[in-house]
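For reference, the structures are reproduced in the following blocks.
The same subunit A turns up in both complexes below, where it pairs with subunit B and then with subunit C.
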Partner chain A sequence: MSDRIPRRAGALVLTLLLCALPFYLDAFWLRIGLFSMAAAIGAVGLGLLSGTAGQLSLGHAFFLAVGAYGYVWLAGEPGPGLPPALALVLAVLLAGAAGGLFSPVAGRVRGIYLGVATLALVFLGHHVLLTADSVTGGFNGRSVPPLELGGFAFTDGDPELTVLGVPFGAEERLWYLGLLLSALTWFTARGLLRGRPGRALTALRDSETAASVMGVHVARHRSAAFVVSSMYAGLAGVLLALAFRRVVPDYFGLALSVDYLAMIVIGGLGSVAGATAGAVFVTALPLLMTRYADQLPLVAAPGSAEGSIGPTEAARYLYGAAIVVVLLYAPDGLHGLARRTRARLRRGRSAPLPSDPATPSRPAASAVRAKEHTP
Partner chain B sequence: MTGFLDNVLTGLALGAVYALVALGFVTIFKASGVLNFAHGSLLLLGGYLTAILHDDLGFAGALAVAVLVTAAVAGAMDRLLLQRGEQDPRTAHVQTIVTIGVDIVLVTDLARRIGGDLLSLGDPWGDAVTSLGPLTVADSRLAAIAVSALAIAAAFALFRFTPWGLSLRAAAEDAEAAALMGVRLTRIRTVAWCLAGGLAALAAVFLAAFPAPGLERTTGQIALKAFPAAILGGMASPAGALAGSLLIGLTEALVAGYQTELHVLGEGFGDVAPYAVMVLVLLVRPTGLFAAKGATRV
Partner chain C sequence: MNARAPRPPRTAPAALEVRDVTVRFAGLTALDDVSFTVAPGSVHALIGPNGAGKSTCFNVLSGLCRPVHGTVRLGDAELTRLAPHRIAALGVARTFQNIVTTEGTVADNLMLGRHALSRAGFAASALRLPRAVREQREHLAAVRAIAELTGLARHFDTPVALLSYGDRKRVELARALCLEPSVLLLDEPVAGMNAAERARTAEVVADVRTELGLSVVLVEHDMGLVMRLADEVTVLDFGRAIAHGTPDEVRGDPEVLRAYLGGDAGQEDAA
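Up next, the complex of A and B:
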């Protein structure tokens, strides 16, 4: 109870800091921030599905694509040309509907089987994106119509805007949109996770039989988790499309799905804050490494001699290794690491509290493990 | 009719190669409960080793070394990265994600080495063809069918007749009971991983042989098509994986062969047809075609 006030103060400071950043950072950093925010929204959605409901999904890229392309088609020409704000909402609903259509599979297929079944979505979706030229623009993709809200466009002009001497271009404007949507995601997801649905899903993950005995409708909850997760992915897709200003099918491949899986694993399964941290890590790392390639040891600038390690490759090595190392030494991810560090700091300051929920009874756990006979 | 037979033969050859990969998946899954996402990179590693060694060692020697090294890498991966910590079936999904990390590192490195090149594996079949009645078949396809059949038969014999196979089946049935009967689970697991790695390296040869242009940095992605094959068969059943692979291979070849008639589905639908088949099968049978009926259905 007592740590609620400092925690709130911390959240307030963080919010103010995030709101102030566009006044100090240039477009490069703002774009990193935007991509990270979009990724965080998607990762929170996947975390809901994989971390809480225990369902492995490799189809996240597909739902991102549905959101992104849905928005582009609904708001653009050719397409109905709806007001962009309405298109945004409809695109999110469309992604949810796509998740719902898959629910006959998602509700019945479990764990690893679902992982592979969702793999099918990515490949089939990619195929559709390539062939349905009239809607998706085929291989070359489509440009994204800018978002407009009551006459205020999220572009470089129209209307010209200068706040406190800082010209507000597309990045600055989208930054605040991203913040708003991230906050929305954060609160809704935490509400879901801490409320009744979250508890039902956790029970489902731990034991299907026990959960159903307690009155949790297994197939319905699984499908619902899938639909909600698809909607977050759709929202992330729209934000990504707005940040990229152009959508192409090849972006929404299996690698993207794997990225999202890596985000939630590195961040720590089943935690909103962890998913956000993982998303920032996975998104920002390659961009930063490309930018600062010339200052890093062992990394060559892009396009230099063959056989040397370029920044993209270095980022991939680091990223693959990060997944392995995090899972080997901190299977509960960055979130678990932070929690344990905090608990240790607190224990250092005062006497250990026996009933502190933040510090699980580790001695007891290790005692149990020691008793177990390893075959 | 000739066209149909042609497509069927192509499909069988394709299915035979998928079967080598899918059998590896299933063996690993049976022994450890892990879905090995690094299988594609193991396949690429095997192909790459064969490609760079065949000038010095000859094709057979290079292939033998590639199979052994890939098997060793797979085994080492299991021992060093996956088998750390407690042996708990619930950690299988964490280990599955570790294999994704390993895959990213391996593929990045191999792709960097291969670059944009097409590597020849120096296989003895080249672009020779054989006439079978009205059909003309590439020798490499016939070799793919024959070698896969042999390798798969050998793997099945291993499962069926050796003490290791018995232990593997016992461990898959009930790991705890098997451990109490003196089965050394860690060793069983590692051998299973080695076997799967070797099979993947073998599959690489036929994926890079004629009529494919050679080994590319993307060849490993073929392994992803063996996922549907393994799932179709029910993941824990080697025979199911074989049937699933043939089904997937035939589907792919037939859809590609009759592409003009199926152009509603778009160009290149053959490449994604396996996934469509898999979704349809999973709709009807959520645990695959050959899986034992689950007792915990709620």
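Up next, the complex of A and C:
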């Protein structure tokens, strides 16, 4: 309770900083930020399912695709051509409904087995995206209708907008939309985690028996976690589509699902802040490496000589290595690392204690949990 | 819902009747036509050597294990047909022999005990609707009072994983009490505790029983505790109930002596 005020102040400073960034950064950096924000929303959703409820999902890319394509179809031509803002909301609900359709499986299948079951969704989804030409545009995908809210379009023009001498194009405008949606995600996800559902899901992960004996309806909570996670994925999909301005099927493959798992493992399972940090790391790294490929040792510029490592592959190696390092030395991820550092600093400031009874490294939420006690 | 912590059970005290319950695990008969009745507001001990079927009996009572035949009735409810979470909602709470706590602080664990008593769902919690926030605050106050009662107040915000074995056992007891149960099933509540901790736990059990009038079913190897707390004792051996009665009656029963001391039936294991 004593650190509440500094924490609030910190959050305020961070918010102001994030709001000020479009005035100083160019479109490249803003785009990195946008992709990171979209990824963070999706990662928070997956964190809720895999980190908190202990249900592995490899199907996250599918629900991102449902959100992205749902928005494009609902707001575009061919399609009902709904107002884009309405299409955004409906796309999120559509992703939730898709998750709900899967809930007979998601409610019954536990942990790693659900991972295998959801794997099928990715391949199914990819196939549908390629073949249902009239809705998805097939292999070439579709362009994304820009978002419009009350006559204000999130595009480069219409209306032209210059704030404090800075021209506000699509990236600048979408940046604030991304911030808003990220804030919404944080607000709701933390409410969930700290409330009754979050405790029930944690209990389910740690011991299904204990949870059920304490009154938790196991199947219902597992399904609900899956639906909520799908809705976050849907929202992330819409934001990604808006940032990319074009959706293509190949983006929503298994690799994307694995990327999201990497995000929550690197960030620290079961924490909203951790999922966000992991999302930024995994998203920004390849983009930055592509940009600065010419200045990095051992990395070839994109599209150059064969046999060398391109920046995208190098980034994959790097975050693969990051996962190994995290699992070995900080199994609770960046979030746990930050917490321990903070605790150490605080202890250093007050009386230095010989041992650390106050701030332990909590038993880590490891990537694969198969802990189930039988009474 | 008001915030005074331990309240009398929501449902009127009812007898817990176990009738002819048989459980088989692939040829092994874990419980063989076991019958006993727990009178409302009494402490009923289940004793017997290791492997006698005591924990299996608890698993039947809490819905984790379905009997081949037999019934368990609590008032009008037939428990053998209900899922564990429905049984919890009827006010049957239990602890486990091997401690089963979840990650998080003592407060988090105790709040889990309020799950069946609270209502906030995914939407209400995500949007932090006023009623969800209020509900959480009220239950937190109730839970704090139960922590007070069970001697966990100073550990309230400590991660459970850091607590000593005895304290973690106590967290389980407190979590079960948070359910405001009418029937409390305690599986070896003082195993692994030192003398002072045992006395403290016995005191808590005696207190909640007299103050709240709830029924307690107790599995315990500590005979001193059983003799002190129990109104009635059922002795199990190889899945059969071999004796019923008051602690004094059971102590003198030749069958019981044989089960504990004679033959290959195994010795009493106090651990």
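The rule is short, and it goes like this: the second predicted complex is superposed on the first by the 353 of 375 C-alpha atoms of A that agree within 3 Å, B and C clash if a C-alpha of one lies under 4 Å from a C-alpha of the other, contacts with A are read in each partner's own complex, and residues count from 1 in each chain.
We adopt the following convention: a residue touches a chain if its C-beta (ideal position, glycine included) is under 8 Å from a C-beta of that chain, and two chains touch if they have at least 3 such contacts.
Note that the structure is a prediction, hence the values are computed from the model and not measured.
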item: Larger contact residue set on subunit A - subunit B or subunit C; value: B
item: Contacts of A:127 with subunit B and subunit C, given as first, second, both or neither; value: first
item: Which of subunit B and subunit C A:224 touches, first, second, both or neither; value: second
item: Contacts of A:189 with subunit B and subunit C, given as first, second, both or neither; value: second
item: First, second, both or neither for A:6, with subunit B first and subunit C second; value: neither
item: Touched partner set for A:212, first subunit B, second subunit C, both or neither; value: both
item: Contacts of A:199 with subunit B and subunit C, given as first, second, both or neither; value: second
item: On subunit A, the residue positions that both subunit B and subunit C contact, one per complex; value: 209, 212, 218, 375
item: In the complex, subunit B residues that touch subunit A; value: 35, 81, 84-87, 91-94, 96-98, 100-105, 108-109, 112, 115, 179-180, 183-186, 224, 227-228, 230-231, 235, 265-269, 271-272, 275-276, 278-279, 282-283, 286-288, 296, 298
item: Complex interface listing, subunit C residues touching subunit A; value: 55, 58-59, 62-64, 83-85, 87-89, 93-94, 96-98, 100-104, 108, 111-116, 118-122, 124-128, 132, 135-136, 159, 161-162, 175, 179, 187
item: Residue numbers on subunit A that touch subunit C, as the complex places them; value: 187-189, 191-192, 195-200, 202-203, 205-207, 209-218, 224, 228, 270, 357, 360, 362-363, 365, 373, 375
item: Footprint of subunit B on subunit A - complex, ascending; value: 54, 56, 104-105, 108-113, 115-117, 119-120, 123-124, 126-128, 130-132, 208-209, 212, 218, 254, 258, 261-262, 265, 306-307, 309-310, 313, 316-317, 319-324, 327-328, 331, 369, 372, 374-375
